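The chains carry the letters A, B and C, assigned in the order they are written, with residues numbered from 1 in each.
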């Protein structure tokens, strides 16, 4: 019923003998919020890098909006409407918040006044409006995470990939971030979200994909994924899992 | 400020002073050009002497060997420097930080050595530009330095305007984004190789123009003058001292360095030449240690303090005033 | 004749290697390129010159003094300048050392004039060594043997001593090293000092056959940089190999193409290597 926005087919990424992603396949439909979870070192960020062109995958294909984008440079991928944020935030420190966002907006316009218009809208949307003239380097971590989203939001993406946008935030900030994700979806943007904070991600996502040791081990609605034996094993370890099975 | 620079030589009627003003304008302009690739785009070039030298040599050789008008030669030199910049820097942009900086230096040194051993352009001996009648078309003036000043002043104004336009356009935002984080820039759809290339080409073009003007002004060039590492470094240091990544920075830096070196030369003669560089080196060490944003950064911080003191308001508000 | 060129290229290579090791130490341990490295070398040469001229002490005998002197200079440079810029972003550290090189070079010119000076009555002056049809100047042979000894000494120091291991640990991870109780401030100071001692020794050795003037060192910062890029930064063995390659390239390039091109060839090698193997020829 819903058309496919992104599909990843048998994607494998090797670094020497280390297999970071092993034959990963999944797809995302337009308008979904999909969570990508997994223990540390499961290969989530590598997968992000492969999809957005920062790495060229060893094998496999990435199809976005009907186009094969495998190995395309990140800026080209972004121009097609697929972009991402970084787990370790990369604010353009010496530029103001407004200038940061305008830089993203310039993908859609050559004019400075139009870019500022877009930036103002995005700043309203992401609750950064009162910090427009601050240097990005002097923001709090929560605001830096928000700016990370705002900056790419200004490029007008169809699919946005967020890499741990909530890590390091307090409860209030996490609720704001959850709210932002939902509003992004409402505005027509599809989301793929890497997150560790389960209580934040489970309520807002339509589907959860679980990676463990580079392989996809689950792909279902949140309610089912939390009961999946393989997922519990991956997160809690064999021993605990065996114990919990005893009546 | 621009107006003040313009009227100064007419108030102070002194040939030495006029000379200092011409050299000052040339270096301030080249500093602005360098600032585009290094200050805005964050790609450290230690080899801008290559473009300066290409500009100086192209117009001089064309005039001396083929009687081609120096203005046309200036344009030819600028185009040649732009092409050289494109060829040389495109592969070098893959290099990170220090490696890129030294690569530009290496390229400039190679070019210098090639020119030194190139007999057609008189190698190490250098070229004396044939003296012809005074006139705007010939770009030679023997009676007064004022015409040189006016030409340098106008060209410098053009460079200021270009810098301003670059900084306040999509190009400028993109260059700064690349400087701050090339990954973040790519995630915003910025083809960083392309934009760095554009910045480098603009920078080389402008640098070469002033190389030509310098040659026409001095009327003698040799490879050690125009291709030397000293030129590259003078450019780097004056911008850093003034304030890297700002439009006022190169002007302020040149306003300190150039009079310092020209007047010590006049005062002490040839052997006293080192004094300016001792002072200048110390200033640069001090700036690096205490004020990485240069004199402009220092002024900005002072004005920021003043504004917040008078308004007594929040720091954010003061910051906004100081920045805009 | 070719054998002669190769032999003298290798001799120079060992000396270049020692200079490069000094540079690679600070680069590898604290990610700082000391542009004033060549000026340290120049000051060591002047020091050897004045020791000879004023006190009739042969450079080979005053060598420990030069090593100590430049060690102290390195240490002080760290304490006064480098410390303040070590964590600054981008260009800052590079510019600070560049400013320093400018000061030192022009100060030397101011104090001692730009004239070339030679030491022409040292213990090794004008003596030759003939071996299998190859004639080599004794000064060069002594200098390169001395450089090899110093190289080995530095290598031993870094690999085997307590301080050396502290240097290695700090290079890997400053924060962790600090938590393990290593005085990282001292480590950095000593690293800079050691880097200076390398050129202190090299300068004393070179003063027996190389003209001494304020610009003597300028090129060496660059050559050392090229060598370090070839060898992979922070890699002492790589610097040794890189030094020999550059010594040979310079000698052979000078022989086949003319001496005016010898540095052009060195820089060309640099440009090629960083394009093809950015991690260095012998990098991981």
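Here, a contact is a pair of C-beta atoms (placed from the backbone, for glycine too) under 8 Å apart; a residue touches a chain by one contact, two chains touch by 3 or more.
Just so we're clear, the structure is a prediction, and the values are computed from it rather than from any experiment.
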Notebook entry, point to check: Based on which chains are in contact, what kind of graph results: line, ring, star, complete or other?
Noted result: line
Notebook entry, point to check: Measuring centre to centre, with centres taken as mean CA positions, what chain is farthest from chain C?
Noted result: A
Note to self: Comparing chain centres built from Cα atoms against the global Cα centre, which chain wins on proximity?
What the structure shows: B
Check: chain B to chain C: how many Å between their CA centres?
Finding: 32
Next item on the list: Could you tell me the distance, in whole angstrom, between the mean C-alpha positions of chain A and chain C?
Entry: 49
Checklist line | Distance between chain centroids, defined by C-alpha means - chain A, chain B (Å) | finding: 43
Checklist line | Set of chain C residues in contact with two or more other chains | finding: none
Next item on the list: Show which residues of chain A lie in contact with chain B when the two form their complex.
Entry: 52-54, 73-76, 78-79, 83-86, 90-96, 99, 102-104, 106-107, 110, 112, 115, 131, 133-135, 151-152, 154-155
Check: For chain C, which residues count as touching chain B in their complex?
Finding: 33, 81, 84-85, 88-96, 98-107, 109-110, 113-114, 218, 222, 225-226, 229, 258, 260-261, 263-264, 267-268, 270-271, 274-275, 278
Check: Which positions of chain B touch chain C when the two form their complex?
Finding: 38, 42, 44, 91-92, 94-95, 97-99, 101-103, 105-107, 109-110, 113-114, 116-117, 229, 233, 236-237, 240, 244, 271, 273-275, 277-278, 280-285, 287-290, 292
Next item on the list: Report the residues of chain B in contact with chain A in the complex, numbered from low to high.
Entry: 168-170, 173-174, 176-177, 179-181, 183-192, 245, 316, 319-320, 323-324
